[in-house]
Structures are given as structure tokens and as C-alpha cells.
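Chain IDs A, B and C follow the sequence of writing; residue 1 opens each chain.
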Amino acid sequence: MPILSSILLAPILGLLLILLTPGRFEKLIKLIALAAASVTVILSLILISKFDPTVTTWQFVERIEWVATYGIHYTNAVDGLNVAMILLTSIVIFCGILVSWNVTFRVKDFFANMLFLVAGVFGVFMTTNLFFFFLFYEVAVIPMYLLIVIWGSTNKQYAAMKLTLYLLLGSALMFAGFLYMYSLPGSHTFDLMQLKQNVTFSTDQQNILFLGLFLGFGVLAACFPFHVWSPDGHVAAPTAASMLHAGVLMKLGAYGLLRVAVYLLPEGARHWAGTIAVLSLCNIVYGAMVATQQKDLKYIIGYSSVSHMGIVLLGIATLTPVGINGAMFQMFSHGLMTALFFACVGHIYDQSHTRLLNELGGLSKKAPIISAFFIIAGLCGLGLPGMGSFVAELLVTIAALGTYPVIGIISITALLVTAYYVLTAIQKTFYGPVSEKASHVHDISAFQIFPRAILVGCLVYFGIFPQVFIGWCTVSVKGLLGV
Amino acid sequence: MNPASLQSYLLISSALFALGIFGLLMRRNLIAMLISLELVLNSASLNFVALNKFCLPDKSLGQVFVIFIVALAAAEVCIALSLILWFYRKQETVNVEDAKELKG
Amino acid sequence: MELNLLWVIQLAPLAAFLLVQFLPKGAKKTAPVFAILLALAAACASIKLFSLHADGSSLPAQYLHPWLSVSDQTLWPFVAIKDYALSVGFLVDRLNLLMITVVTTITFFVQLFSFYYMAEDESRARYFAFLSFFAFSMTGLVLSSNLLQTFLFWELVGLASYMLIGFWYQKPSASTAARKAFVINRLADLGFYLGILLLFILFGSVDYLNLKTEALTAALPQGTLTALGLLVFMGVMGKSAQFPFHVWLPDAMEGPTPVSALIHSATMVAAGVFLLSRAFGLFSASITTLTFILIIGTLTACVGAMLATVQRDIKRILAYSTMSQLGLMVMAIGAGSAVAGMFHLATHAYFKSLLFLTAGAFIHRFHTNDIWEIGTAGGKKERLALAALALGLFSLSGIFPFAGFFSKDMILETLHEHGGLFYYAALFVSFLTAYYSFRLLFIITRSKVSASHHEDTHTHHGSALLDLCRALPLISLAAISVVVGLTGTSVFDFKLLHWLGGEQTHLNLEILTTTTLLILAAGSLAFWKFSDPEAAEKRLRENKSPLHLALERKLFIDDAYDFLVKKVGLGIAALLDRFDRAFINGVLVNGTSYFILNIGRWLSRVQSGLLQDYLAWVMTAGVAVIFWAAHLASKGLS
């Protein structure tokens, strides 16, 4: 069985079934979506259990000739870089669908869009053909726009347009880069492996191409100063879309940077690494500082995402196996963590109709379980040991201290700022006397505990046994860097 | 100037063309614009005939074209007039400046 | 056998935490039972472990498990080390056997006392869960085999402390104090973290067994070692409330009193001192570091003791006293005697938790923290608590033969040998310590009991079980406080200090007379000022010396922090936020979009909808094309 294509097809199949179901059978539609998501979870678990982390070659390669004349083939394959990302995506969509069980407005369209979105994300993560990379990316962007515009909140038209334009700008830049690579002598293909084998890039070409690709992927990864779309998008999107957006969509940029830019253009990467490191430092410290000033819970999480994506970029910029392993780990644990954050904030917003810190307060009294989950996510965010983020930040910091000592030392100060804003948010939201708006809040049901508990479980598991994750990707990372 | 030379024909036809274009651009009345358009077509017909006579005296290709143009002009006038009539019924005017509903 | 015992010590509190967390709602009442029983199990296991190793054989023992292999190749050109791997595991030696025994026994007594103290609180289950979580993290910290693992649990005890300080989270002061404690500890931990990572990168290992002075001096230059030592010491300064990171400790008294007894006096705050002796090899590798440690310890001891003399809140007196005692321990280690520091840590842990529990007994009984109010409400009628308080205070002031005497004596002797002004600073501190101890004692015992406070609080004193839970910890801790001091002398067969690798204390007559005279002087001074508490209070209200005022403002250190955080830190953040909104989002992003929209709007004017305009454009373009073609043609011809 072609397992990768099955993972890709499960949401598409679910999407088709949902489209065929009349809109009034809401329960059935939700069940179909959940079934599709469960299939992806199970398949990605099987994938990861069969995955052999000790070899650098591609595994589970699936290839169908499509437009052979132009070197466009439908090819899927995994190695250590994307196998965990596929797992992450499936976990997040599974939890996202469970969390949005209470959606009542245009249920059919909502779940159809969610599945469409996630199919695109899976596609980006598993394809090895740059044309399909671009194609799937576009597939992921459009449903995101619809999800925000139809089901969103807080200035949603503006945010949706901003997000879409940014993402399209990023993908346009990266596609320009792809086309340039395609046009080089000896290339004439979009296939990653063939590009790596057949094409030799001159130094100038590497530098220019890497810059273009970095700008493209940097926009997607919310690199400073292209970060403003992401907090706005986070805030406006509905809960499940925020989870996918912050949890997975932002990771596509960093993943693409590794998979395409660093892999094909090692010299360009070395040339620009210093610049990336400086920008990522801006992300880390600046994002954290700005987060202290936010009044809206989701904006705080939005800017914390900017800050945490900075750690990913810093890890990549070190161009050492330790740093890139740390970046991979950070992508994974940050994905789980923000998904948890948004799953909690979504519930609070549904119940109290506000996310403003000064209107909330005393929620711990009214809703202890959701508070506990939020606090756990917050603690993960401030890099508490025992959670995935701690190990990720540890690895990135070790690598950064060795490669860019000054940047590494400055980046550590963000830990303090992060602690400050996370604890302030927790204090204002959950502690103190019960506020007017918080007094109507009910705690989550036992059923709704389940998806959040999965996320917490993963965070803690990978925090205590980090070697499991590192084991998946370390060999491929070394292969990527050619060491 | 020799009255039978090609130049004089062409001069007259370009004068007609210029008059027609001038009318098209300057008049706001749709009927007047249609009449100006006829002038442009006539100048083209004159060109055809004249060039046929001076350049290919043993063939009648230009004259055939003129027949076509006349037929085309008749059809065009039919359609254009009916459109103008419809427009007049709708807007009670034949001023072209009022016909911009389709502007984006 | 031994490994199993270690696992019991480590995991029993965690099990209690998880059990209590996942208890069904109806069964939450039974939470204390699980917590107390499992704490007892851990305490028994650690005593058993201690007795197994009482002869000191087969130590240190290490049980390691690989945790994270970071790299197996040379990473950086300036470091030759190839293998970087982090492991987790237990390291057992004399130092942490002592510490683990102290921690688990005090945890047990505090849990027991909490049963009495928190009997009427409705979130009891949460309380016991976090107390158990603290015990888990603390044992992890003590048993860990390397610096990074210590840091891991170091943060977790910080979390437990955060949760317990903010236990009554609906009180804004409590949640603010909790946040303050965490953030200030985080500030200090930045240095600790950086130090560990740099040590890991440069030295290749953070295992305690490898952190030997000789190995370090051979591998790294002196300047680097000083820097590393100071960075790691920064963490100690945060956790052990050393000047200037001490500001969180008094505020931490917002938590329930048994929490203060366990976390903020006996165990967690002592973790810094423990770390100092644990990684003594790193600190002693540089004389500069040791001197710095000594200076910081001296400052802390003096500032803490001075601040303690003006407090009215019984818990704050004890908190500042804890701070100054921690300063003394740090001084001892800075002067080069880790044994003296650890000995004082052990004795202090017992008598200070005893003091906090008596404070808890008073507070629970009279519902006030103010010592004058406790006095007038009838504090002296609480015989048991009063006796325990007196015993604890005697120990704290270092009166012969109570526990504090022996350990403090040893520190003084160390400082005496070390020379310099530090010895006199320590004498000054013990003078102040005796002064505020007697002040506290006199105010409580010599106040006139006012008639308005009748025995209205006796109503909820029915259960014998509760009384037992109140009395047993007080009596046991009092007994231990007496005995533990004697282990430093030759009274018992078991020679604690020998075991730790130091020399037994021998009575130095010179120091003995000096301290006794000082205590007498301090006692008389306190008696002179506070023998009539009412009059003293009136006097205080009427005129305060500038020094007194400055001390009440906590020497303006809190104000300085406030300024740095609120004005400087948040000011910069506000500027950056403005920059983000106005420049990046405003000018760059929205500006671009307005620019493009305006171009579109301007260009769309061409699209007037007028037929004749379009025709004119067509004609113009046609003419232009014709001219261009003609120009090209003429060029081709010529």
C-alpha cells in the first residue's frame, strides 16, 4: 500500500464524502471528518514505526509520471526531516477537529475546508517535486482564507486578506526561485533529487537563489520583518484554523528552507547564515518584547509564535547538526504547544466572548481544567524542563553559543521576557477575583479534555524522552549538511 | 494637381477618414457618431476603389471589397441603430456619456 | 536494593502528585492521606539509604542513563571535544545523602502539619498535589548526577514554589508574589543556564564527578573558569535569595505557612547552598569566584538580618532571617569550607522549619501575622507552640547547646581562619540575629492579653487527629533540632562532620565567649526596648529614625526593581510595540498596500467608461505605432 499517498488521500476522500453529504446531517459530517483525521493519525504512526532512521536515503518513495516533458512528477518520499512533520500535522488536525466539535455555523463547509487545508499541508510535507510543493502550498492557503473570512473574528476581512497576500507573496518568491532552478543548464526538472544530482550551481547563482528562496520561505516562517501577518492571522482565525495555522502552516516555511534551500544550495546557505541569525535574533527578542505589550490573549500567543519561530530559524542558521536538530524539535513541540494554546483560548473565547486580559480574571475558579491546560501550554512556552520546548531550545542555544556566541547569549534573555509575559497573561486571565465576563464560563466537558490531553501527553513525552525525536531526524540532518 | 492621380483620391479619402474620426471623438450624440463611422467606412471604400484602379487595373479585387463594406455597413447600421434605439428607450437620451453602466 | 530505594525516594512523591491529581471529585478528601503516606515512604527509604551508607562505604555511587546525545563529531573549531552526550541519573554521595534525608523528613513533617493547617481549605487536594510535586522535584534536584539535570529540577522546584506561593490565587498579592518569585529566579537562572551550556561546550561534560578543580584548571584558562563560576553562582543567588536577588523571598510568604516552612526556609532556598557545595570544584577553581561568593554572602547576611529587625509580620521576620542565614552558609562556602556550609544548612533546615511551623500554629490560631496582635491575642497561652518557638529561636541565635550554636560556631571559626573583615561581619550578623529573635520572643510573651480575644477560636479544635498532626511535627522537629547539632560534636558515635569529610567541631573558647557576650548584649538590648511591647509600639509609631524608615522601605531595593521592570523594561517593550504597529505594520505593510491601491485607483481613471475616451486612446496608440513603424522602416532603408 502506498502509505504516503494514503495519508494524502484520506482527507481528500473525507472531503469528497462530506461534499456528498447533505448539510443537515451535521453529526455525520463531523464523524466523517474525524474518521479521516483518525486515519491520517494511524497511518502516520504506522509510517513512523516502519521508518528506518539509520539511513540517509529517501524512504517510501512513490512516483507517478505526470508531465514528463517538463519534469513534473507526482513523487512522495520521506526522510528524517519530514516524517515527524507528517506526524505533527496528523496530530494537530485530529485534535483540531475534535476541538471544533461545537461549530454550528455552516458545518459542512467548515469541515470541508479543514480537510482541504490539511490535504495541502500533507502534500507539501511529503512531496519531493518542487512543482507539487508549490501546488500543494497554494492548496493550503486558499481554504485558510475562507476559514478566516467566514468563521473568524476580530477584523477578519483585513487579517484574512493580509495573510493570504503575504503567503502568496512568499510562494511567488519561492516559485520564482524554483523556475530559475528549472531553467539552469542540465536541470529541466522540478525533482529535488535530480536537481541535487544533475545541477551544479555557481557561487553567484547559489547566493542569489538562496536569497530569493529565503525571502520566500522567510515570509512563510514569519521571519522578522515579514512577521506581522502571523499575529493578525492567528487572532482572526477560528480555533481549529489557528491551531493548524500556528501549529503547522508556519512550519512549512522553515521546513522548505531546510528541504529546498539548505539542501540544494549549501554555499548560499553559508553565505547568508549570518544574516538569518541576526534576523532570527530579532524574531526571538523583539517578538517576546512586543508580546509583553499585548492586551489580547491571542495576540500574546501570536507574538510568542513569532518569538519561537525565531528559535527555529536560529537553529537553521547555525548550520550545525545540533542546531538543525533543535530547530526540527522546536518546530514539532511548538506546533503541539500553540495548538494547545489555541485550543484553550478558543474555549475561553467561546464562553466569555472576550479575550482581553483586563476583562478576564479568576478563570481558575470557574474553569480549573481549561486553566490547567493553558498553564501547561504557558509553561511549555517559557521553556520549562520536562516539556519538548526546553530540549529544543537547549539544542538551539548550544549550537548558537558555539556558532554565534553573541547572538546566542542575547537570545537567552528572551527566556526571561517570555516568562514575564506568559506569567502575566496567566495571572490576569486565571488568577485574581472572578470578573464579570468570566463568571459565565463553564469548564470543558470530559470529551473536550481528550484532544487537549493528547497534546499535553505528546509535549511531556517528547520532553522526557527527547532522544526518540532526535533519533528520527539526526541521520537525515547530517545527510542534509553533508557531514 | 492632376485630378486623376492616385494622390488626390488618397487625399480625399484621408480627409474623409479624419472627418469621420473627428466626428467620432467629438460628437456626444450616438446617431452623429454612427454617421461619422459611416464616413470612416466610406473613406476606406474610396481607398479600395482608388488603389484598385491605379495599382491593379486588370483585377477587381478592391471593388469586391467595397461591395463587402457596403453590405457590412448596412448590417452594422442595422444593429447599431437598434442598440441605440434600445438605449434611447431605456435612458431617454442618445448621449454617449450616459452609456457607462458597464464601467468597473 | 539501593537503586530501588532511590526510585522509591524519587517517585513516591510523583506518584502522590499524580494520584491526587487524578482522584475523582468525590474522593478528593482522601488526598492528604496519599500524600502523607507516600511522603512517609520516601522519608523511610531515605533513612534506610542513609543507614546503608552510614559507614561511608562504596560512595559515591552513580547510576546513569543516556538521555540525549547531542553530537558525535567536532562541532566547533575552537573546541577539540568530539563526543557530546547528556545523561540523567542518580549520583549518591555523602553530601546528598545528608541532603536527601533532610529534605524527605522535613517534607513528611510539613505534610503532616499541613493536614492540620489546611483542614478547612476547600482546595486541599491541589495543595497536597503541589506539595508532593515539590517533593518530587526537590529529590530530583538533590539526587541528580549532573548540572543540567540539576537545572531541570531546579526549574521544576521553581514551578512548584510558584504554584504554592500563588496557592490562594484569588488574592492579587499572592499571584503577584508568585510571578515575582518566578521571574526573579528566571533572571538569575539565565546566568546559571548560560554557565552550564558554556561549561558543556568548552569542557565537554557537566557531570559532578568530572567537575574537579584539577581537571578544570588543566582544561580551561583561569579567566574562563572565573566567568563560568560566576555565571553558575548567579543561579545560586536567585534560588538562595542572595543579595540583590533576595526580593522575592519575603513576598513569597504569601503562600500557606507550611509551604514557607518547607520550601522557603528548609529545602528549596537551601538548594543554592547545596549546589555550591555540589559543584565546589568549579567554584574553587578560581579564587576570584570564591571571593565574590564570600562578599555576596556577607552582604546578604547583613542586609537580611538588618531588615529582619524592623518587621512586624512574623513570617517576614523569619523570611529575612532565612535570607541572612543563607548568607552565612554562602559565606562559609566562599571562605572555602563546604562542610561548614552544609552543616549549617542541615541544622538550619530543621530549626527554621520548626520556627515556621510554630508561626503557622500561631497564625492558624489567631488569624493574624502581626506579632503584636499575636501577643495581645494570647500567644503565650499556646504552650506547645511557644516552647517550640523559644527552642527554635535559641537555636537560631546560636545559644549553647542548641543546634544553631554548633554550626554557626563552625562558620565563625572558618571565617576567623580566613581572616579579614568577614569574621566581624558574621559577628555583627549573629548579634542582630539574637536581637531580632529576642525581640520576637519578648513581644509575644510580654504582651498583655486583651480581654476582647476570648476563646472563640477553640471551637474548631475538636478532633484529636488534628491535634496530633499539629503537635507531632512540632515536637519531632524540636527534638531533631536539638540532636542534629550534637552530631557535629563528639557526643554520638556517628560523626556527621567526619562523614562529610571535615573535622569535628571543637570548642574554641575565644569564639564561644565572644558569641555568648554578643547574645547577652543583644538579649539585653531587646529586653530594654521591648520588655513592654505596648509602649514600644507607641514609641515606634511616634518617631522613626531614618535608618528605620529605610529598612521599612526594604532599603529601596524593591523600588529599584520596580523602576527597572516597569520603567526601563516595559518602556523598551512599549517602544518596540509602537515600532511594530506604526512602522512595520503601518508604514511597511499597510503603506505598501495603500501604495498599490492608490496606483490602481489612479490607473483606473483611464477606464472612464466613455467610448470616445477609449477610441481616443486607440487612435493615439495607433498613430504612435505607425510613427514607430515608419521610423524603423526609414532606419532600415538608410
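What we mean here is this: a contact is a pair of C-beta atoms (placed from the backbone, for glycine too) under 8 Å apart; a residue touches a chain by one contact, two chains touch by 3 or more.
Please read all numbers here as calculations on a predicted model, not as lab measurements.
Taking the mean of each chain's C-alpha atoms as its centre, the chain lying closest to the overall protein C-alpha centroid is A.
Comparing the chain pairs A-C and B-C, the larger number of C-beta pairs in contact belongs to A-C. One finds 65 Å separating the Cα centroids of chain A and chain B. Averaged Cα coordinates give chain A a centre that lies 36 Å from the centre of chain C. Distance between chain B and chain C, defined via averaged C-alpha coordinates, is recorded as 96 Å. Interface residues of chain B facing chain C in the complex, by the touch rule stated above, are 21, 24-26, 28, 33, 96-97, 99-104.
Residues 66-71, 73, 75-76, 79, 84, 151-153, 155-156, 159, 162, 166, 169-170, 172, 174-176, 178-179, 182-183, 186-187, 189-190, 193-194, 197-198, 200-201, 565, 569-570, 572-574, 576-577, 580, 584-585, 588-589, 593 of chain C are the ones touching chain A in the complex.
Those residues of chain C that touch chain B in the shared complex are 604, 607-612, 615-616, 619. On the side of chain A, the complex with chain C involves touching residues 162, 165, 225, 227-228, 286, 289-290, 292-294, 320-322, 362, 364-365, 379, 382, 384-386, 390-391, 394-395, 397-399, 401-403, 409, 412-413, 415-417, 419-420, 423-424, 427, 430-434, 466-467, 470, 483.
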